[in-house]
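Multiple structures are listed underneath, in structure tokens.
Look for chain A in each of the two complexes below; its partner is chain B in the first and chain C in the second.
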Partner chain A sequence: MSTSTAVLPKAAAPTKPPKKLSGSGHSQGRVGALMLLPAGILMLVFLLIPIGLTFLLAFTNARLISPVPAKFIGVDNFIRLFESSTFWKSLTNTIVFAVVIVPVQSGLALILAVLVNAKVRGTNIFRTIYFLPVVTSMVVVSMLWMFMYQQEGLINSVLARLGIIGPDWLGDPNTALFALIIMSAWQAMGFHMVIWLSGLQTISGDLYEAASLDGASPWQQFWNVTWPGLKQTRTFILITITISAFSLFTQVNIMTQGGPLDSTSTVVFQAVRTGFQQQQTGYASAISLVFFVLVLAVSLVQRYLTRDKDLGK
Partner chain B sequence: MPSDPVRGVRTIDASEELVKSGLIKKLATVGLAAALALTAAACSKGGTTPGTQAAGGPVELSMWTHNAGNKGELGAIESIVTEFNASQTKYQVKVQAFPQDSYNQSVVAAAAAKKLPCILDIDQPNVANWAWAGYLAPMEGMDDVLSKYLPSTVAKWNGKTYAYGYYDVSLAMVTRKSILKKYDIREPSIDQPWTGDEFMAALEKVKASGDFDYPADFATGWTGEWWPYGYSPQLQSFGADLINRSDYKSAEGVLNSDKAVAWATWFQKLAKDKLIPKKSSADPALDFVNGKSAFLWNGSWTAISTREKFGDDVLFAPPPDFGNGPKVGGGSWTWGISTNCGDAAGAAEYMKFAAADKYVAKVAKDTNNIPTTDAAAAQVPGFEPGGANDIFRQFSKKYTTMRPETPGYPFIATEFAKVSQDILAGADPKSALDQAVKNIDANQAANNYFQ
Partner chain C sequence: MTIALPRTRRSASEQQDRLKSVLIMILRIVLCFVFGLPLVFLIVASFKPDTQIFADLGSWAAFLPVGELSLDNYIGVFERVPFAQFMMNSVLISVATVALGIVVNSMAAFALSRVQFRGQKLILGIVLATLIVPFETLALPLLWWCNQLPYFGIDGFSQGWLDTYEVQIIPFIANAFSIYLFYQYFDSIPKELDDAATVDGAGWFRIYRSIVMPLAGPAVATVAILTFLPAWNSYLWPLMVVQSEELRPAMVGIDYFKQLSVSWGQLMAYASMITVPILVLFIAFQRAFINSIASSGVKG
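What follows is the complex of A and B.
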């Protein structure tokens, strides 16, 4: 994807006379700035200012509702946070969730993508079916799965047919997080299937043809043609799944409220709960700040590990 | 549940994150002002400034309510407003209704921008918090009228009255006379409620029969404010409480006392022994009507649907007495005056006008809730002395322990909800309660005990 966009301007450039380009450069810059303005204002108001405020508020005792002005209290919020067992529990849950869901979700999405990429009739129907959960609101999906996960729900009824007594999925601290992982992977899988699919379709058919002439089995073709060809897509998917996994909130809020016994509490859920229900704006900002640093660090590490090593040469 | 009185304190707005301290406050005000300007522009109806006088005309008093989408109550309030507007020429009250889910956040955002309406309704457990925060102005000169109100519908803090409500709801242990007869369980009365042991024996008896999915249903599937509203009365019946009410400073020795641990152990046992579902369905009253449970811990709002199915067989039993008397919660939606009102005298005049018995009767009747005054109760079918719903009024009068009327309550409510959920899920009662006490006390201290 990124290679094709990089090539386009180069190909287009020679057709335009360089003189004209430099002549209209000034007004073009102004038009560019003007076009940037709406997005820029939105970014400023809804992204940069709130992030800035979070940094400030994290070091104060600001309250959601209070007649007393906020005071600077240094790193008290952070000390309290690092001493809180709920925070460590939430952090562990968040990390477990991310570590499990990244390979599971991307792997299943890749399998789906390979399947619907096959040149057989009716693949469009399957593509649509697999994509349906993505366009369904997470709130609705959570409600449905909540019913399915009930003690006498659909899943346990099916298990009972097989002679297995299913657990109380969301009510048991040992299974609740696992149940959320399965359901989340199912919901978002379709989206990443489409991304994989776009990656698969950028791989030239010639390569497969050449490979099969060389006598490569389908498995060898996958490892030696498909997999290397998906490098860019892989990086993109890895990073998007990781970030969305870290911001796990909706499912938790609707299905378990962080329970039972904090077994599904996540960092974002804890931030929202302390910030709004418990009115502790300063403390919630501190949680958000820690979350920000965490996501930033993970993204940087991922960027480093998946960097294009050829570029350095 | 017509007015959903128990789920008030939930999420509050994100925009309020931008509060306090010099620059932040300025930014916040600018942002909120911009947002409000947009809202006002978007809906031309809504752009009223509190207490403004159009040239020569009557003073306009804005009024906010959480009742959008709640036809019965909104209609009743609107008819009071219409009568008030027609009764005099000086003031004109203008109603703006919000959906309940976004009502609190609208108020909090408006308060930050100093754009609160003149008159607004407030969920009773929030009153102390909002009064402390300076949103609400105390009401003067109404003590005479309000002395006839059920105490649970008059919201006070620091010795001052901040709001009053037309109605209350009450908790009750809903069951059927035929069930009690079948399992040979004594029919309780207000004079002789079940003791805790009697109630537990009844549950065990019903469970042994295997006739029901669960002997009882405590509506554990609901979230938010239901937990403190529904279960703190049981805690209080055991002789413990949410906070030490002598000075409202600490929960130490109260929420983690031996009696609190006894409550927690009992509550946990209910779920562990499958006497109640650990997580009820979204509509436990429907399950009760469908014969899945024999006892239902719920409230006066279930009267209509259960009577429809079982008629006179339904019994609204008083809450079991676990040693410290039967207890129910109190307080529902109430009305007050904001501190941003441009014409406080006008708002006060409306409040006095609207407190009349006939309006109490009107609102209570249209919402099927307990009318707050005796005179109004006589006018509402079912709530007159000896009427079918009179029992709820008696519960309210006799058993009500208010949720602590302190600005710290919203925090206490979230902690109690969490600790009860944890206990139900199997947490160690003593250490879970200790942790809740620690969190509550830390919050109290961080707010300088709301002095």
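What follows is the complex of A and C.
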């Protein structure tokens, strides 16, 4: 039936040649390309040019609002940057945050995914509840957890009932970054659970059947069937968590302002502090550039590592 | 197959399996508390005066609507800040970003996926390459740049886009990830449809509007959800570009409650009002939400 309807217009076409001529190859291709224009212009102005500007401004003394035009000052911004202990502290914090949260969040999210992957009644409800923090904005989550982390707050009250005296989570430089890690993982875990889940569901059930016929334990099944089957998903999750970990800002700005004693200051927080509050666009661009290189390096390394394994198999 | 006959002794392994599934179910339920309770607390506390909130902390009452309950916190929010204005701004900015984004990005993806022209592969390559650039790396240079751009207002020409609705919307319309999602979807729609339509005299724009887009419902939903959430939740950018209260979105407006002497109840009321609508939307369109997130992970 579908073939006959598809053939009909083609057969009818030769009877109306004038219409066909009006839309001939070249001009139509141009019209088609024009449809790319709005997105093209917007991406050029708001994405590609700013990327270029990051590189240019980093070598100038540009200020956000200034009557005098920016001047080229060579690598002065970078010298200042690398001499700043706050910058090094921020860079270290950012890396520590990423190094801890990447395995914790992706690992726990995988456990959640496995828990809700079973065909048990109510799975849908569990999945929905685990996902709720993801649709809650980080601003609200930060406010909420700021309250929960207070010395006399919700978390310490719960701990007190268990006989544990909780620390002043956000007030103590030893626990503040750790506190941010916990709440950030709490917020985003549902997101990665869903991505793991979609990965899990692409693995054919036949493979598990074959494995269990061969007498593989659930653990062996996981390592020999599930884990290799999740390779693509794994790469995607690692890269997205790493990049969003490097971009840490909202939680810091709302909950700690980088304190106490710079213990939660991050690269993006410093970029905003210098580039927005102190209006030193040039210096902030230098920070952004370092950040950009960091993200690029990590994605390239992660891509390279996963590609390498692919070839090895 | 595994239904145990009544009154027969279960084997040890069967008993172990049962114990395991009970333990796993308990784990699932405990996790529900972990992820759900803080939000329950948020909403419950928004109806309590501060003294009650703190008094309830040590017990389950923290999560239950008990004790002194009132709408005082909500009334307080409306007295303290122009909440309706903030909310309207948030809705306007996110809806405009999403709607314009769907049109602009789907057209671009259409051109890349179905029309033949030179440089197509290169452009697609550039679009995909920009996917790994997080917005935060560009935020500061972009802030400076937006302050240099010429602005065409009602009262003519001026310099700088800061403190406008436009600066909160226009930079976020074109989106590499949306283009990519549309591109993937359009590629799966048979190209024979285009040929048939061309024979009938339809131009590319007609094909886009009357053939491809009507078939692209799922892609539109995915893009709408994946661009709405960041637009609604956007914080860093409006924090920097907006000074006037009447242009401020709800996420930034919450800062008022932190700076002035904190009333936790009011803060929770404000937070509830900007969160609950999204939670309701999520629960109503749960399947679409989850599918969008899941499909965002398909890029390898």
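Criterion: the second predicted complex is superposed on the first by the 268 of 313 C-alpha atoms of A that agree within 3 Å, B and C clash if a C-alpha of one lies under 4 Å from a C-alpha of the other, contacts with A are read in each partner's own complex, and residues count from 1 in each chain.
Basically, a residue touches a chain if its C-beta (ideal position, glycine included) is under 8 Å from a C-beta of that chain, and two chains touch if they have at least 3 such contacts.
Given the structure is predicted, the values throughout are model-derived calculations rather than measurements.
In the three-chain model built by superposing on chain A, chain B clashes with chain C. Within the superposed three-chain arrangement, the count of touched residues of chain A is higher for C, of the candidates chain B and chain C. Once the two complexes are overlaid on the shared chain, A:168 sits against chain B while remaining clear of chain C. Touch criterion met: A:69 reaches chain B, while chain C stays clear of it. With both structures placed on the common chain, the touch criterion links A:207 to neither chain B nor chain C. By the touch criterion defined above, A:49 lies against chain B and chain C together after alignment on the C-alpha atoms of chain A.
Using the contact criterion defined above for the overlaid structures, shared-chain residue A:257 touches chain B, although it does not reach chain C.
In the superposed model, A:281 lies in contact with both chain B and chain C.
In the superposed pair of complexes, A:139 makes contact with chain C only, with no contact to chain B.
In the superposition on chain A, contact of A:60 is made with chain B only, not with chain C. The superposed model places chain B right into chain C at 240-248; the other stretches listed in 6-14, 24-32 or 240-248 stay free of clashes.
Across the superposed pair, chain B and chain C both touch chain A at residues 45, 49-50, 53, 57, 62, 64-65, 272, 275-276, 281, 284-285. Residue ranges on chain A touching chain C, taken from their complex, read 6, 9-10, 13, 16, 19-20, 22-23, 28-36, 38-40, 42-43, 45-51, 53-54, 57, 62, 64-65, 112, 115-116, 118, 120, 126-140, 143-145, 147-148, 152-154, 157, 160-161, 186, 189-191, 194-195, 197-199, 232-233, 235-237, 239, 243-244, 246-247, 249-250, 253-254, 268, 271-272, 275-276, 281, 284-285, 287-288, 291-292, 295-296, 299.
The residues of chain B lying in touch with chain A in their complex are 9-14, 16-21, 24-25, 27, 31, 108, 111, 129-130, 132-135, 223, 278-279, 410-411, 414, 418, 421-422, 424-427, 442-443, 446-448.
Across the complex, chain A meets chain B through its residues 45, 49-50, 53, 56-57, 60-71, 80, 150, 168, 170-171, 173, 257-262, 272-273, 275-281, 284-285. Of all residues in chain C, those touching chain A in their complex are 24-25, 27-28, 31-32, 34-36, 38-39, 41-42, 54, 57-58, 62, 104-105, 107-108, 110-112, 114-117, 123, 126-127, 130, 132-145, 147, 149, 170-174, 176, 179, 192, 196, 198-205, 208, 229, 232-233, 235-236, 239-240, 251, 254, 257-258, 264, 267-268, 271, 274-275, 278-279, 281-283, 286, 289-290, 293-300.
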